[in-house]
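Same chain, two partners: chain A is paired with chain B first, then with chain C.
And now, the complex of A and B:
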């Protein structure tokens, strides 16, 4: 079965980013296809590679990146939500004339259309938020 | 249409489970995750509300979130089935849609 996962909440807030990750992993382990994970609202904070938790804590961002590398996952960050919160890739950095970018490996920035398309193509939309 | 409703907040903190139970149709299911598991515990003031809803809805509860809050299956009300993440995935397949009450 084809899934699209929507994540509306940032890492280290409540439990949502963890729940979404655990669910995505379990769906893949069950042999399902995860077409896309769409990060919306504060969920875009799951995609900053500057996240630096203490060594004995889980790194939620790099955990997503590793899962994406392992399963060729499409991790999409909503562009409007990302700009508001200072999540930029290299091309957006140049376009907006900023001095840094911070998008983590395995993530890409795109529009809300990616969520709609995913919902159309997938059998199930599962939303995680707060 | 059969829907899996997910609730991730305690009924003592937010009214999302109350809203969910008001709208959920017979034959649907409720999966309690994260702080939502507090609604699954036996002996709370919310127990009767869940018991009443059980006549029409199936109730599930994420076992790892129960354990993470210091409870075990013995604290969970009779009639609520515990699932792991693989079971969560299976429920999303079994029901036609998934509705998150945030």
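And now, the complex of A and C:
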């Protein structure tokens, strides 16, 4: 089965940020294909590399980065939602004349078209949100 | 590109959260990709379609004129829950656009008939 995953909620606030990761990991382990994970609304906060949880807590962001490196996962952050919430990559930092960027490894920033395209190509859209 | 039947389900009041505004963006992008789009408004989502929205005191943009523009993007299938209308004392004349009223049992079938459901 080909999946596209949509993540609508931020990390450490809502269980769905964890469930989305666990579902994706389980689907890959079962040999399914995950075409893309699309982070939308507050879900874009799952992609900041400045996330610094206490040592005895899970690191939701680096967990995604590791899964992406292992499986060549396509982790896409919605550009409009990201800009509103201060999630930038290096080129956007320069273009918007900001003094820092924070996109985590394995993530990329792109548009909503990536979600629509993924939905058209996938067998199932699975949404993690309220 | 393959065309899928996409149902956008709008469940929340227009301004308490970001979802109503995001749904509008998403519908417009979906239409740019030539997808077969239908909109469904249930629960407090109905208030998104109410005439006379004034957001001046909220200091945020009134996005409701967008619903009238949907026709230009060939987004013409707009469904509303009959039960949700009655529960909120709303009538067709209170809404910004022409809608088709559906019973909740018909809404279940509508969801079944679609390939993809986007929930906002």
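Please note the rule applied: the second predicted complex is superposed on the first by the 130 of 130 C-alpha atoms of A that agree within 3 Å, B and C clash if a C-alpha of one lies under 4 Å from a C-alpha of the other, contacts with A are read in each partner's own complex, and residues count from 1 in each chain.
Here is the rule we go by: contacts are C-beta pairs under 8 Å (C-beta built on N, C-alpha and C of every residue); 3 or more make two chains touch, one makes a residue touch a chain.
Predicted model only: the values in this text are computed from it and were never measured.
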Query raised in the report: Taking the superposition as given, does A:41 touch the first partner, chain B, the second, chain C, both, or neither?
Result: second
Report task. Identify the partner contact of A:93: answer first if only chain B is touched, second if only chain C is, both if each is, neither if none is. Result -> neither
Report task. Mind working out whether A:80 is in touch with chain B, chain C, both or neither, as first, second, both or neither? Result -> second
Query raised in the report: Can A:125 be said to touch chain B (first), chain C (second), both, or neither?
Result: both
Query raised in the report: Taking the superposition as given, does A:111 touch the first partner, chain B, the second, chain C, both, or neither?
Result: second
Report summary line: The answer to whether chain B or chain C touches more of chain A is B
Query raised in the report: Where does A:23 make contact in the superposed view: on chain B (first), on chain C (second), on both, or on neither?
Result: first
Requested in this report: List the residues of chain A that touch chain B in one complex and chain C in the other.
Outcome: 125, 127, 129
Requested in this report: Using the touch rule from the top, collect the residues of chain A that touch chain C in their complex.
Outcome: 40-41, 80-81, 111-113, 115-117, 119-121, 125, 127, 129
Query - Residue ranges of chain A in contact with chain B within the complex - result: 1, 3, 8, 14-16, 19, 22-23, 25-27, 29-30, 32, 124-130
Requested in this report: Would you mind writing out the residues of chain C in touch with chain A in their complex?
Outcome: 1-4, 6, 18-19, 22, 25-26, 29-30, 32-33, 35, 116-119
**Report entry** List of chain B residues in touch with chain A within their complex
**Finding:** 6, 8, 33-35, 64-65, 84-86, 88-90, 92-93, 97-98, 100, 102
